[in-house]
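In what comes next, chain A is part of two complexes: it sits with chain B in the first one and with chain C in the second one.
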Partner chain A sequence: MRYRAYTTAFRVEARQQTRYRGAAMGGIVTQVFFGLILVALYDTLSGGTDEGFRRTATYVWLQQIFFRAYFNLDSELNDQVMTGNVAYSMLRPVDLHSWWFWRAMAQKIITIAMRILPMLLLQLLLPERWRLLPPADIPAFVQFAFSLLIGFMIICQINLICSAISMRTLDNKGITAMINLLMMILAGNIIPLTLVPDRLQTLIRLQPFAQLLDAPIRMYQGMASPGEWLAAAALQLGWLVLLWGLCRWMWSRNLLRIEVQGG
Partner chain B sequence: MSEPLIRAEGLTKRYRRSTGGKGLTGFFGRSTETVDGLVDATFRVEPGEIVGLLGPNGAGKSTTVKLLTGILRPDGGSCSVGGLVPWRDRRTYTAGIGTVFGQRMQLWWDVPILDSFRLLRDIYRVEETAWKNRLDELAEALALGDLLNVPLRQLSLGQRMRAELCGSLLHSPKLLFLDEPTIGLDAVSKLNLREFLLLERERHGTTILLTTHDMADMQALCRRVLVLGHGRLLYDGSLHDILQRYDTRHEVRCRFAGEPVWQDIPSSVALRRDEGEWELSFAPHAIPADEVLRLILAAGRIEELTLKEAPVDEMVAEMYNALHLS
Partner chain C sequence: MRYMMNAMRMNLRRAAQYRASFLMQICSQIVMTGGDLWAMLMLLERYGRMGHWEGREILFFFGAMHLVFSVTEMINRGLGHFGSSIRSGAFDTMLTRPRRLLTQVLLSELDPRRVGTMAVGITAMAVATALIGIEWTVWKVLLLLWSMTATVCLMLGLFLLEAVICFFSVQSIEMVNILTYGGRQTCQYPVDLYPDFIRILFTYVVPVALCLQYPVSRVLGRPMAAGIPDGLLWLCPLAGPGFLALMTLFWCFGVRRYRSTGS
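After this line comes the complex of A and B, so read on.
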């Protein structure tokens, strides 16, 4: 089968990730803590018992549950990029962009899968007002699940674009710090995009970072109409195709000109 | 004569290296210089040959291997291996070669090596039964049977190297590249590795290209060597011949019954007194050994005489010297 190498890469990496249970526990505690602070803060700011606050709290919790997915988790790729050893992966008869992409997907999916249940249980310990609301309805949940998967794929492309840039600079600190900062702000992790003033919100929703988790979360909370859902889904897919193409192009270009260090 | 497997014509690769710049100038602009990785190398390798690449650090050995494996693209010249161009037909080409780098493990660090081998089976699309048979064969020859479920990081260097070799051969490549495969290995491991490579070639006719600093590796494995220096191919021929040519450190130690009287010692013979013994070193291509013996016999009555053979590494150093490599 043509794609066997990539499904295997996914499987092996997925199994690998299940070993990092300690890291998962640490992450859960941190994310619950941040979720708690943000929810308490928005509760104080909202000042009442309105529906709006419950939606914000739900938004915050979903952002915290999926927080780890934002980051490039592939330390092997990072090492290889920094040392220039990534060239050695050209010795394998595989498409390298696809190879690293499916690894990244496995890392994100498993990392998140290990965090979902404990975090859902932990937030149940909170006062009801601060808890996560269930999805609007079953179709909303299905839309959310699909959209989340697309969102992960887009994040992987963004991570791999950073790696492609790092191949040229041989250092990933600068670009990673910049992208992470942009992502935290523009993807709705620190300030839910639902709280951004209306005019700005329309604009901010168009940019790629809003496709990562903001779009899935809005679907979770229920779209106003099928048309609105269609527009959001199309936008998300459009960005995926665009970034996928850009990322592939950057990778193939960089691998052609990469020079292995040392003689 | 059969069709050569590797055909390189005028293969050239130059690196650009940043020379920095001092203080603030380095911040504003960096100057670069060009370093010769490999210049105008032309050679052929026949199927089933074991060819050694020899040369000091930075001579262009690894550059040659990287060009031939498709990791690097050349700046000039051409190269075809089994009808394919390594850097252009990368995916088709790499499916048919094996590579082992002594300084860089290619198996996955954290997973049991059997998992790595399964992954390689899928990457190289090896059919299940063929894979199984090959793994059995290699695991036995490389004594990996008990280690298959151990992660790479928990293996000793020698075990890792064996695992790497196994991984590189699972898809039965016709051509194997070994870049300093014995680096850091103990004597027994080196010996086993050499035996294995010879066996592999005998069984499957695998063509092997090998770089090493270990002359014993070379002597055990290769009849033919390519000597590189400063990116140039300086010698292409038999290992035996080149060792003879640069075997310049023959030494004779002798003890005389009385005080010897040396007569007409030519400049090609170095004479040195070491306690009660005399040491004569000479280059066999400059003066024949029997001529030296005649000189010794003429000097006095001999009590003891020993011929010291030059260590191979010294010969290589001498060879590099003569070729202006050091």
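After this line comes the complex of A and C, so read on.
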């Protein structure tokens, strides 16, 4: 019974999101353009090493396709925190952290689902060399899909941690912007993490932001061995549990001592 | 001019009201540019050089572009929010004031936070200058200043174009970002690193490279690929003010047929 509330939150939010199909189109074209600039640049830089370049291009496209998932799309939570309406939400007989978490998951999944096909079609217009490569093989694709879901969950936790902070500071610009930027940089959106120098590779793959999209993309391109996959998946799950715990703790502490502003 | 100083003081004072948040936002601005800088350094470490450009020359181009862009953003923040100021009716209030419309829109939100990014740009250029050992002459300084001023005009023109589009469609259109932010993204590296259609787009259609990079390459004493005759170099940046003038006309046209959204 308890879980009914969360599945409902998920369903309602998912239906909401499908309404913004028109608005998505402009964003998609912009995203493809930015991807194109990066791919063209890396093409020149790689200077004809074909294999490496195609992998980089694929990495760039996957990052662009899932780009929207990084952001907290839930403007309602921030509005509630700023206006004090969060007090009403607290009256609901549900666990607030789970409630907002499932809403956020629904938003991310639907937003992305609406963008995948148009983005894939648009990049088909490009010369073949610049296109996205298919996954390495079928197991790689399954690993990728599974890992992507975990990645989304971790992003939701990070977004909710930001919300928890802004609940305390009542400022949704400063620190949230900072965390978002760090996320862009360290998650592989600004530059593919595979292009980071080899001596930094281990470090860069261990840090939490690499678990969002970098880990799934590496699985998409095929892991060297089942052992490597296991290690990567375990690392991802580990970070999920850790951040989930941190986020829950921050939320419950916040709700205990929340002061609602205004009347 | 008095109005301008006044507006600047007001904006500074407003920002100072929320000091922590203000500092935080300056920091996040720096992190954002820092992310691009980091990406550039990673690429240089992996590839050594970019096309026929050495790392220190790339750094100079990078600094120049980011400096120009942050100066533009400092002036034009009001244009960035133009869509919402039409929707909220704030623009209607401006129409009733006895000051020039464009001045009001531009200065309504003069943004002192950009000093952070400006500092990054200037530092990058200074470091690059030291590494290359540029011998500054009066002519080089003048050429650089002229071309950077002209590029600020050009970028302002682009943001103005974006605002005028708001007159015709109340939702601001994300795709214009391709020209503004896309221009920054593309032209932080010399434009001759890109394939022809991108190079032509940002040289002749949206003449960022014409205004900024061709003169800069002359200051560095290294011609761009597909160069421009020396005699024309001083004329190139004229494209910037020219573009701005054209967009101002377009703006006047837009204002004349503007109808309030009500509310």
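Here is the rule we use: the second predicted complex is superposed on the first by the 261 of 263 C-alpha atoms of A that agree within 3 Å, B and C clash if a C-alpha of one lies under 4 Å from a C-alpha of the other, contacts with A are read in each partner's own complex, and residues count from 1 in each chain.
The working rule: contacts are C-beta pairs under 8 Å (C-beta built on N, C-alpha and C of every residue); 3 or more make two chains touch, one makes a residue touch a chain.
Note that this is a predicted model, so its numbers are computed, not measured.
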Classify the contacts of A:L181 with the two partner chains as first (chain B alone), second (chain C alone), both, or neither. second
Return first, second, both or neither, reflecting whether A:A231 touches chain B, chain C, both chains, or no partner chain. neither
More residues of chain A are touched by which partner: chain B or chain C? C
Examine A:F33 and indicate which partner it touches, taking first as chain B and second as chain C; both and neither are also allowed. second
Chain B versus chain C as contact partner of A:V142, first or second or both or neither: neither
Check whether A:V94 is in contact with chain B, with chain C, with both or with neither, and answer first, second, both or neither. first
Is A:L121 touching the first partner chain B, the second partner chain C, both, or neither of them? neither
Once the structures are superposed on A, label A:L195 by its partner contacts, choosing first (chain B), second (chain C), both or neither. second
Once the complexes are superposed, what residues of chain A are shared between the chain B interface and the chain C interface? none
For the chain A and chain C complex, residues of the former touching the latter: 23, 26-27, 29-30, 33-34, 36-37, 40-41, 43-47, 171, 173-175, 177-178, 181-182, 184-185, 190-191, 195-197
Looking at the complex, which residues from chain B come into contact with chain A? 15-16, 35, 37, 57-63, 66, 69-73, 90-95, 97, 99, 101, 104, 106, 108-111, 115, 118-119, 122-125
For chain A, which residues count as touching chain B in their complex? 4-5, 7-9, 12, 15-16, 19, 76, 85, 87-88, 90-95, 256, 259-260, 262-263
Touching residues (chain side chain C, partner chain A) in the complex: 18, 20-21, 24-25, 27-28, 31-32, 34-36, 38-39, 42-43, 45-47, 50-51, 171, 173-175, 177-178, 182, 185-186, 189, 193-195, 198
